[in-house]
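These are the structures in question, set out in turn.
Look at the two complexes coming up: subunit A is in both, with subunit B in one and subunit C in the other.
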Partner chain A sequence: MEQAKHIGLRENVISKLGVNPQDAIIALTYFTISFATLLIGGLLGLIQGLERAGLYSLPAGFNYYQVLSAHGLLLLVVFTATFTIGYQLANLSHSFNGLLPKVRKMIWVGIVLKVIGVVLAVTMIVLGEASVLYTFYPPLAAHPIFYIGLVLLVLGIWSVAFGVFINYRHWRKENPGQPTPILAFFAMGVFVLWFFASLGVTIEVFMIIPWVLGWVETINVMVTRTLFWWFGHTLVNIWYLVATSAWYIIVPKIVGGKHFNEKLIRLVVILLVVLNIPGGFHHQIIDPAISLSIKFLHVFMSLSIAVPSLMTAFAMFYVLEKAGRKKGGKGLFGWFKKLPWGDVRFLAPMIAMIAFIPGGAGGIVNTSNQMNQVVHNTMWVVGHFHVTVGVSVVLTFFGICYWLIPHLSKRQLTAKMNKVGVIQTWIWTIGMTIMAGSMHLAGLVGDPRRTSDTTYAGHETALSWLPYEYVFATGATLLLIGVIIQVYAVFNMMFFAPKGKTEYPVAEPEDDQPKVPMWTERWGLWAIVLLAVVAMAYVIPIVDMIVNAPPGSPPIKTW
Partner chain B sequence: MSKLEEIWMTVSIGILVIFMVIVGYQTYALGMGPPSHKETIDPQEVEQTAPFDNPGLIDLGDNQYELVMTLEAFAFNPGNVEVPVGAEVEFTMTSKDVSHGIQIPGTNVNAMVLPGHIQKITQTFDEPGEYLVVCNEYCGVGHQAMFTTITVK
Partner chain C sequence: MYSNTKKSKYSMSGTIASVTIVALVIILMWAGVFAIYMARV
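And then the complex of A and B:
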């Protein structure tokens, strides 16, 4: 009796403790880097939109492809990665009642490595030595320091990932027979997938560095491309997995409901982790040197990633409907109106989830051989990832800020700041709808992506794209306004909002749920399954690309 | 798993399977698979290697043509090709330097052209007109200037 009371008290204290103050500093450091990057990257995005529509010219000495390289690297890699790490570490600290001191050290080392890496890479871009875009396809050859920067960036991420693995093992040992708290389970999924995804690009960069230094003369173009996409597409799916952790576990609490059946949530996480990497192949559907049968196999492998997402769609509507009905929503759609639309912590991730319906459908188009051929490298693709990453992921991240940052800084989310957030969310939604919508349409009529000026000497086909490009620029303008408001909100909540306590909204399971199955915790097994899926996808084509390789390509600088 | 969830997953996975069947039917039965040619070439010896030592339009008779084309920063060679209405043109292409892409808006011609690899794609031009041909893979500072036309008359 005495002991039971003691344990009950202990659990109570843990759930009220929230994030350890030392871990809060770590998370806030990550968010500071993240939102400073968002401001720069967002500004570069608007500059591109204006330049492409012919409404603005960059000053002499700078060009569109430099700006595009920096925009891609800063927003797709730095902003998202730093936000992800800050948020996942906060979740872990909350779940585990603080990180281990040695893990904190590893994380600080990770921050330093990443900052140095990003500064090196971005400096090379600014100096005009690395206008190679996010994909840096060889034989385009940037300055060696650019690739060294990328290596440091990856090492920084690994330092955090290994810290997470160590902390997870420690917790499991301390709590035998207990399933890890669900947010910590998500964090394991994120970092396991991240580690294996980054292996591809790491091998690629270690092929590139001796080549740009002149130690080897040529490089295998197909192998490097394939290794890039092993990483390049998986990365965005990691951001998506991070967003789903908030959809499954945070959103239900905010709407006053319970989270979905934990066994199924864990199954979704495991499926997203083990199935994900081969999805990268759909970026190579119209490449030479890959046979039709391999490409067809990859339609299957890419589509399989849709299965856990379909499970998520069901689960979220189930949870939301139940919460809405509990609040008195009647009829077929009455529950929908009962949801807290005026609460930014709900509104932002809700729009993010809704955006994943067209976003996911667009992804299915992109992965289907014949339709991919119609849209490959057109503005359609740019529209697609501005819906999936730019809305489904980013709006979820923005929504998380409104409770996590005041929680970490021991401040409050004021009614006024909530209103700022709601306005920001709508500006973002309208801006992205306008921009990504017109990008999709322009892509369908052939407007190519990644091109500074698409007038092509006034050819009439090219001129028909111009009206769409004016619309991109309008959307991009709204988005920059959205970025400025969001950055203001983040730093206000970090340093200036009134002192106080903010809840860490973690949903509880429904009553009478069965025990969480312990087999879901077998991460060693999931890593083996992941590698088996990767082997199934990659061994045949990569061996083929090596055995039947043409003479390689020397480094070339065409900018 | 609840009954409703079972129905939802069965229907949605069923749709994905139907989707696969359609893509497979188009690829294998209708010959609509994406460009996937597997021949290779030394990317530093393109100008000395047949058929790229003599790029141009080859008349195969019966209104069929082979267009042997090299892509380089920042040009298609040959450019400004003319073919008659109804011509079936097989593009045979390679790159002399970095990665390029060929896209003809308004048609399904869209293929990656990479150094070291020969890529093929076929298109029948049934409608007369001046078709824009663009490079749709970033290839350097003059990427936006890499375009040509195919005139069908």
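And then the complex of A and C:
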């Protein structure tokens, strides 16, 4: 009880502090890069959707795979990463009453490295030297500069991650015996996971660079694919962890409630960090050279992510029902109507959470061995990640913008801008429902993904996919309209909205909550457990792939 | 003093109903794709 009061007071004090102006500039810089990238990446998404449906022909010199590579890299890596960093740094600054000066320097170095890295990688794609898609796995080989760009991108993220670790350690030292503010705890989880996730792709890239430079003749394709998915799958769950920080802590405040038991929230963060990386193997269920028992182990480990996800579903329904009933909601679902549906800060993350129900269910299908045979390499998979990343994550990010950006720029969220946000959210939701829904259906009838021309010389089955592809294009058109509105809203709130104060909506815990367990703060231990889980999942298959290596592959350029 | 047996003053039946709906979505989606798999093997 005493500690609950103290935490309540602490959250109250924190909510008055706001974000340090120097840190606000850093976060806004990240958001500027993020939403500029969203605009370009979103446009490329529509172009490749129209091209695939046969409704548009790319200008000479450009090809479908080139546009798809840029779309994937810009949105899945750059947009999401830059938004995440900006948001997490704002949360840390808010929680810790400002970042340390040396940490700010590390973050600026990180920004410069990331921008140079992205410019190098994207330039190679534009020049037609790196149409290797977002996954870039061998034997497809891009220009060496593409991979050097990726190295700089990872170094930029590490620079920020180490800065966050230093700041966390400093705060713990200055506040002995105190649990870290919950948003800072989430930030630690995000950067710990990011660091360990990026180890896999870093090793992969350092295998690829000598290969594309011609220093070694062949590469072990299986090992590089495996290392990619160590990173690739975890990346998606990093965004999910970022989104859950807003669901657990921001949404309850906006609906006029309190956040759920902090012990459970911290346990969810730890489980998502520790269990995540081995999920990568379910992307390789169809791959040869991995034994059935290893695949079974990975299916089991991938499904383990469902546990913290279902804990989150229960906790959020509880918080929302309690808030709705306080406002007079009656009956089984009367509380649902009492939620603030006209407030974009709630509407966007709420739709994001609802989308995670089919998104998560689809993930369980993908992870199940037999079902994966049905959907593997079909448009189902594309639909799945457009629901999970494109709605559950991205709509949460959009919702965050409507309070965080005016807070950072010392401006107000006006009623007009709130309305713009509500309209944008519905356009996005309808667009994504149409597009991702039809992608799921098309995948079930066999429409392949990552394929420019799917007419197969006019075969009857292939032609049956065309109507679905027209629907993709319709949804993608709505999504581009949504992107344009969102980018307008972000820059309006950054530079043109009326000056004023906007709340940083951090929910407080309930009055009778138990003591926050200090064992949750043992990040060194969680890192060791994470490594043990990764070792259990990866050592045997990777050793097997090396000892019983298939013939290596020379670099191949298919475009 | 926190008590595990403390009851909320509001009904939480909506939470139970909601998580049951989540479970049903998962089961139906899984079963639907499994049925397609069985029809194709």
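Here is the rule we go by: the second predicted complex is superposed on the first by the 544 of 559 C-alpha atoms of A that agree within 3 Å, B and C clash if a C-alpha of one lies under 4 Å from a C-alpha of the other, contacts with A are read in each partner's own complex, and residues count from 1 in each chain.
In this section, contacts are C-beta pairs under 8 Å (C-beta built on N, C-alpha and C of every residue); 3 or more make two chains touch, one makes a residue touch a chain.
Treat the numbers as computed from the prediction; the structure is a model and nothing was measured.
Legend: residue contacts after superposition of the two complexes on their common chain; A:407 is shown touching neither subunit B nor subunit C.
Once chain A of one complex is fitted onto chain A of the other, the partner contacts of A:336 are limited to subunit C, with no touch recorded for subunit B.
By the touch criterion defined above, A:514 reaches subunit C but does not reach subunit B. When both complexes are overlaid on chain A, the residue A:314 reaches subunit B and subunit C alike. After overlaying the two complexes on the shared chain, residue contacts for A:298 are found with neither subunit B nor subunit C.
In the superposed pair of complexes, A:326 makes contact with subunit C only, with no contact to subunit B. Using the contact criterion defined above for the overlaid structures, shared-chain residue A:94 touches neither subunit B nor subunit C, since it reaches no partner.
By the touch criterion defined above, A:358 lies against subunit C but remains apart from subunit B after alignment on the C-alpha atoms of chain A. By the touch criterion defined above, A:374 lies against subunit B and subunit C together after alignment on the C-alpha atoms of chain A. For subunit A, the partner touching the most residues, choosing from subunit B and subunit C, is B.
In the three-chain superposition model, subunit A touches both subunit B and subunit C at residues 310, 314, 318, 364, 368, 370, 373-374. Residue ranges on subunit A touching subunit C, taken from their complex, read 1, 310, 313-314, 317-318, 321-322, 324-326, 332-333, 335-336, 357-358, 360-362, 364-365, 368, 370-371, 373-375, 444, 512-514. Here subunit C touches subunit A in the complex through residues 1-2, 6, 8, 10-15, 17-19, 21-22, 25-26, 29-30, 33-34, 36-37, 40, going by the rule given at the top. Taken together, the subunit B residues at the contact with subunit A in this complex read 1, 4-5, 8-9, 12-13, 16, 19-20, 23-24, 26-28, 32-38, 40-45, 73-74, 97-99, 101, 103-106, 108, 110-119, 130-132, 134-144, 147, 149. The touching residues of subunit A, counted against subunit B in their complex, run 63, 65, 131, 133, 137, 139-140, 221-222, 225, 264, 284-292, 295-296, 299-300, 303, 306-307, 310-311, 314, 318, 364, 368-370, 372-374, 376-378, 445-454, 456-457, 459, 461-462, 548-554, 556-559.
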